[in-house]
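Note that the chains take the letters A, B, C, D and E in the order they are written out, and that residue 1 is the start of every chain.
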Amino acid sequence: DQAPERIKIVCTTSVLMDPATFIGGDKVEAISIADPTLCPHLQADIIPNRIQLNMDFIKKADVFMAYNDNNDKNINMPAVENFMEANGFGSVEWRTVSDPSRGWNTPTTAKLLASEVFGWLVEEDPANEGYYQERYDEYVESFDAVEPTDAEREQLNQTKVIVMLWQREPVEKWLGMEVVNFFAPEFVMNGTKTAEKVVDDIILDPEKYADVEYVIENMQSGELGKGIEEALLDRGINAERVIFTNFPRSILGVDTIPQVLSYNKQLVL
Amino acid sequence: MFGFLIENNVVCHAVEAMVFASIACGILGVIISRMSLSSLGFTMSHAAFAGAAIGMFLGIGSQMAAIFFSAFVAALIGPVSDKAKMAADATLGVLFAMSMAVAIFLVSYMQYMGRGLTATNLLFGNVISLYREDIYALAAVSALTVIFVLAFFKEISALMFNMKIAEASGVRVKLVYYILLFIVAISVSLSLNIVGGLLIFVLLVTPASIASQFCFNVRSMFVAAPMIALSVSALGVWAGFKFTLPIAPLVALLLTFVFAISVILSFKRRINYKKY
Amino acid sequence: MFGFLIENNVVCHAVEAMVFASIACGILGVIISRMSLSSLGFTMSHAAFAGAAIGMFLGIGSQMAAIFFSAFVAALIGPVSDKAKMAADATLGVLFAMSMAVAIFLVSYMQYMGRGLTATNLLFGNVISLYREDIYALAAVSALTVIFVLAFFKEISALMFNMKIAEASGVRVKLVYYILLFIVAISVSLSLNIVGGLLIFVLLVTPASIASQFCFNVRSMFVAAPMIALSVSALGVWAGFKFTLPIAPLVALLLTFVFAISVILSFKRRINYKKY
Amino acid sequence: MSIIELNEIYTAYEGGDKPVIRDLSLSVKPGEYVVIGGPNSAGKTTLLESINGLIRITHGSATVCGLDLRRSGNEVRRRVGYVIQNFYFDPFTPFTVEEVVMMGRYGRMGLLKRPSRSDFEAVDKAIRLVGIEELAEKTIGTLSGGQQQKTMIAHNIAKEPEVMMLDEPFSNLDFNAREYLQGIFKNMAGNGTPILMVSHAFDGLPETRIHLVVMNRGRITYDNVCDADEVEPIIRDECAVV
Amino acid sequence: MSIIELNEIYTAYEGGDKPVIRDLSLSVKPGEYVVIGGPNSAGKTTLLESINGLIRITHGSATVCGLDLRRSGNEVRRRVGYVIQNFYFDPFTPFTVEEVVMMGRYGRMGLLKRPSRSDFEAVDKAIRLVGIEELAEKTIGTLSGGQQQKTMIAHNIAKEPEVMMLDEPFSNLDFNAREYLQGIFKNMAGNGTPILMVSHAFDGLPETRIHLVVMNRGRITYDNVCDADEVEPIIRDECAVV
């Protein structure tokens, strides 16, 4: 009971909750309110319950963190704001990341995110800057541990893949795999990159895909790539479809961003 | 309303919202269950969703668009059922699929064009995030619903009894039926806006189903259904706050439980083995 | 099936999936619309969610749990309607609310307890991402559905005509009704798994409603509904790939459009002004 | 002056391939006791439903209670009683006999009006007249066929209609009820309310002059006044011809 | 040997407050023409539905067609014809007369069996017998009340039942149909199939010995053999007593 009050942090999703929890260490308590992987009806009914269950926490929260992407802007942030304002708990001042279009699914981008979170914590609680700095350094180091080893990197460099657009950056830039082609939903890039178009290309030029080993999906975009995998298999190309995720806690036991990255990496090793 | 009783305004507003929603939905539920309209809640929630998507797409207010499109769909239910000679249930199914298609189409289009994702937050309320004004709005919707049902009680019960006999007795069946479907749909979609989907869905069907286990008469159902809704949801709100459990699903599960018990205890299937 | 015609396997599987789904859902749709069960589709889809949530909560496979819970809910529809003396529509409403409550309760609670959530997205299929095995599974579900309907055609039509007269003629009404509801619900939930929600919802209600505008007889409906579903969805798949539009909402909108046209053209309301 | 005046009317069902009532004219005066006979599918039910506008006439003109039927169908239905031929109420229909009888007056009360004292009195009177006092609180779905039939008759008596149309009103009734109700309808006619009765059973007809209408294939083949005991022979005769 | 044997049975409706049939015993032999009369709400319909097990008896024992009713209700219903008293088919009921008549045989065909040649023949014969050939392709909801009644009778004749129960089968029928069908039922009885007819109109009864059962308040008050022309007086007498 003598322990000093912890800083209460409300995050929109687990993506912010993870660095906040880690860097804040025993000085903070953090919760997240939204889930990235549910059908919209349920989501709309779940968020209120999340808020209710954490009502006393949110009401007294010191910091509100949001990624400020479309999901946050349209669903998660208004839900919290509404709760606070309607009940007269004051208006919410969000800390939002500087570039919502930047991902967090490579160590580099994740570290950028971590540094923003670190900055917010220091801003909120300058007295403990040293502590946060220590934790921040440790967090950043945990990403180094998931970096591929030299042997792994060599193997990855020779791995050819077809990837879902939203996972292209980590696959290409971080893991260094060779992206032979990528796929995306209908409306992206004027529909030139749908699974169907990729399969057309496979039919046209199977040679190009001869050594493709993986078809990489993005869990949060739903199923898109089964047909590509099958087209490859039908042509004797032994590719395997794997599902990358973007969110901590979307898979049992994968609770932090480093674990997410490690999980994704292990899928293609 | 209960401000003098419950100091915590979150709890107070939640209780008030449940009271009003229970009364309105309980009463409408009796009509809905007799007329096989149980998918009304669902259809209206998706119509609102589609409307919001249209609003965002056209760059007009999605809240207004949601209300307009809901009203449009609500206004279609009666005439389409009538012209197509279909049960209202089938019409609701068709309109539901249409709304969902519009919503999904526009949402995925906008999402990938980088123009925002969904508008669900605008559409579904939340009993624990209510302004005093929301409570007033909900009270108004409830009051209008109750007034509507009372004002047209004759006509509504005649329709619930038998359309043909009602028409032969000189009730303006089509007109009242169209208005009835419209008003029910509109009240549902306005309450959805304030209280949220799950609570409305469950308050519309389950209390009336519970009441029908014990009441043989429509008048008693119109009294029993809101009272059941009210008492179970009051219990749910209390327990939800007391034990930090999610309110809406808790109320829904409690009502389902009461339904299960009442089906078991119902007089309806009881066979009397007495000999006199 | 169409592999020799359509080289692109994505397109080919989508076409095949639509063929099978159209046939099965078109046929079931006739039963569903006659029996006012149009909310079956979304009740089953939410039962699957609830099942997945239970699976996650208990730490068992969510896919299996989804199937089990769907089967459980499907098995409840008949007996609950019967014991509670309610229309199946009302039972579906109650079960829908219950499923949704279970799902939301568990998901919110798990999150509160700091336990994560796995990807429920993957519970629902998508016609543009199917393996050959998915097509076989869907073909099997369709075939079983068609076989079931053919095998029990007598009993099903007797139920669709008049329950009491069917019972008096010695048809085992309760048994067949329970089985019918169970099989319909199970086929729907297995197809949902493969083809996705929206397509199933729309294929279940709209083609049968279109057919009912032109057919006066149940046999012709059983033929017309799948044919309408088939031709419109073939058009939808073609247009979807051709113009790179999302297939499911496109098919849904096309069907809604055909429905609107057919209500306008329907013979059902036509009054003959001839004098002889 | 006639209270019902049909002039060369035609009636077709929605979706039907030819008109069911063809070139039919009929005039009914206050206080007449009209019996409408004829073989099955002659169009008797359709005629009654054309008179109160439940089915629209496609040609011809019709005036009922002084109102143009095509324009004021609903007003006509408020003033014309109509006991329908076939009904089925499921056992859980949540309405009591008393409520159902009151519903007979709903149309004439008008929108937004609640039942007044005179409405309750009319309902009470109808219930007593038909002799279903002890059923008043029972729900209609749990009654026997004859009890339901009596309830529907009470529903229409409570309406205090200007014309009473009855489509085989005695089909489920026992001797006593049948004879008793025939008397009531005779009284109604005597008080000026014309009765239009479709029936296939004529043993209990009241001893008044009867306006007999025989229909066949959508047309009237006989339309004249006769005595009660002539009704059956005339109809048999007319129907045998075809 | 009796084909129906009821022994002190009681029948109560689900949700009802007291038994509707009380301490009733009845025995019907092959070829008997049984007329069941009695005032409205006497329990006649309930008796028929107790005999084919549509409503469960709460006490007593019952054997129908040699089967224990409590155990083999469904088998009994396959063998017993039953024309119900009240039905309503909405105009868009998607079944033709021919299909509805065929449905009479669905129970006896058994699961998974499709209609065979003999089924089609029985249906044809029933349709011809009842005289509704020209309606065969029409949907049942668009027929007149009498035509629907005939269809339901054909449905049960096609069933070739071992017992034929009729609940006011003539209520919507014209003279010709009534007399003609009475003849058919008389023949059925003559061929050994007992007829159980609930009716309130006895003018066209066939000239055979009649097993008359009069019910009142759930009990049988008269159960004896009489001539056709005695039926009406006896029932009037029995009912006047109460």
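The rule is short, and it goes like this: a contact is a pair of C-beta atoms (placed from the backbone, for glycine too) under 8 Å apart; a residue touches a chain by one contact, two chains touch by 3 or more.
A quick note: this is a predicted structure, and the numbers were derived from the prediction, not measured.
Considering the contact criterion stated above, the chains in touch with chain D and with chain E alike are B, C.
Contact counts per chain pair peak at B-C. The chain with its Cα centre farthest from the Cα centre of chain C is D. Measuring from the averaged C-alpha position of chain C to that of chain E gives a distance of 40 Å. Rounded to a whole number, the gap between the C-alpha centres of chain A and chain E is 72 angstrom. Rounded to whole angstrom, the centroid-to-centroid distance between chain A and chain C, based on C-alpha atoms, equals 35 Å.
Shared interface positions of chain B, i.e. residues touching 2 or more other chains, are given as 85, 108, 198, 212, 216, 244-246, 248-249, 268-269.
Residue positions of chain D touching 2 or more other chains, listed in rising order: 13, 15-16, 87, 92.
Multi-chain contact residues, meaning those touching two or more other chains, occur in chain A at positions 41, 45, 49, 53, 185-187.
Pairwise, the chains that touch each other are A-B, A-C, B-C, B-D, B-E, C-D, C-E, D-E.
By the touch criterion stated above, chain E contacts chain C in their complex at residues 52, 54, 74-75, 77-79, 82, 84, 87, 89, 92-96, 99-100, 103-109, 111-115, 139, 152, 155, 159.
Considering their complex, residues 33, 36-39, 42, 80, 83-87, 89-94, 96-98, 100-102, 104-105, 108, 198, 201-202, 204-206, 208-209, 212-213, 244-246, 248-250, 252-253, 255-256, 259, 263, 266, 268-269 of chain B touch chain C.
Residues 13, 15-16, 38-41, 44-45, 85-88, 91, 142-148, 150, 167-168, 170-178, 200-201, 203, 235-236, 239 of chain D are the ones touching chain E in the complex. Within the complex formed with chain C, the chain D residues making contact are 10, 12-19, 22-23, 56, 58-59, 92.
Chain B contributes residues 9-10, 13, 45, 49, 108-109, 111-113, 116-124, 126-131, 134, 196-198, 240, 244-249 to its touches with chain A in the complex.
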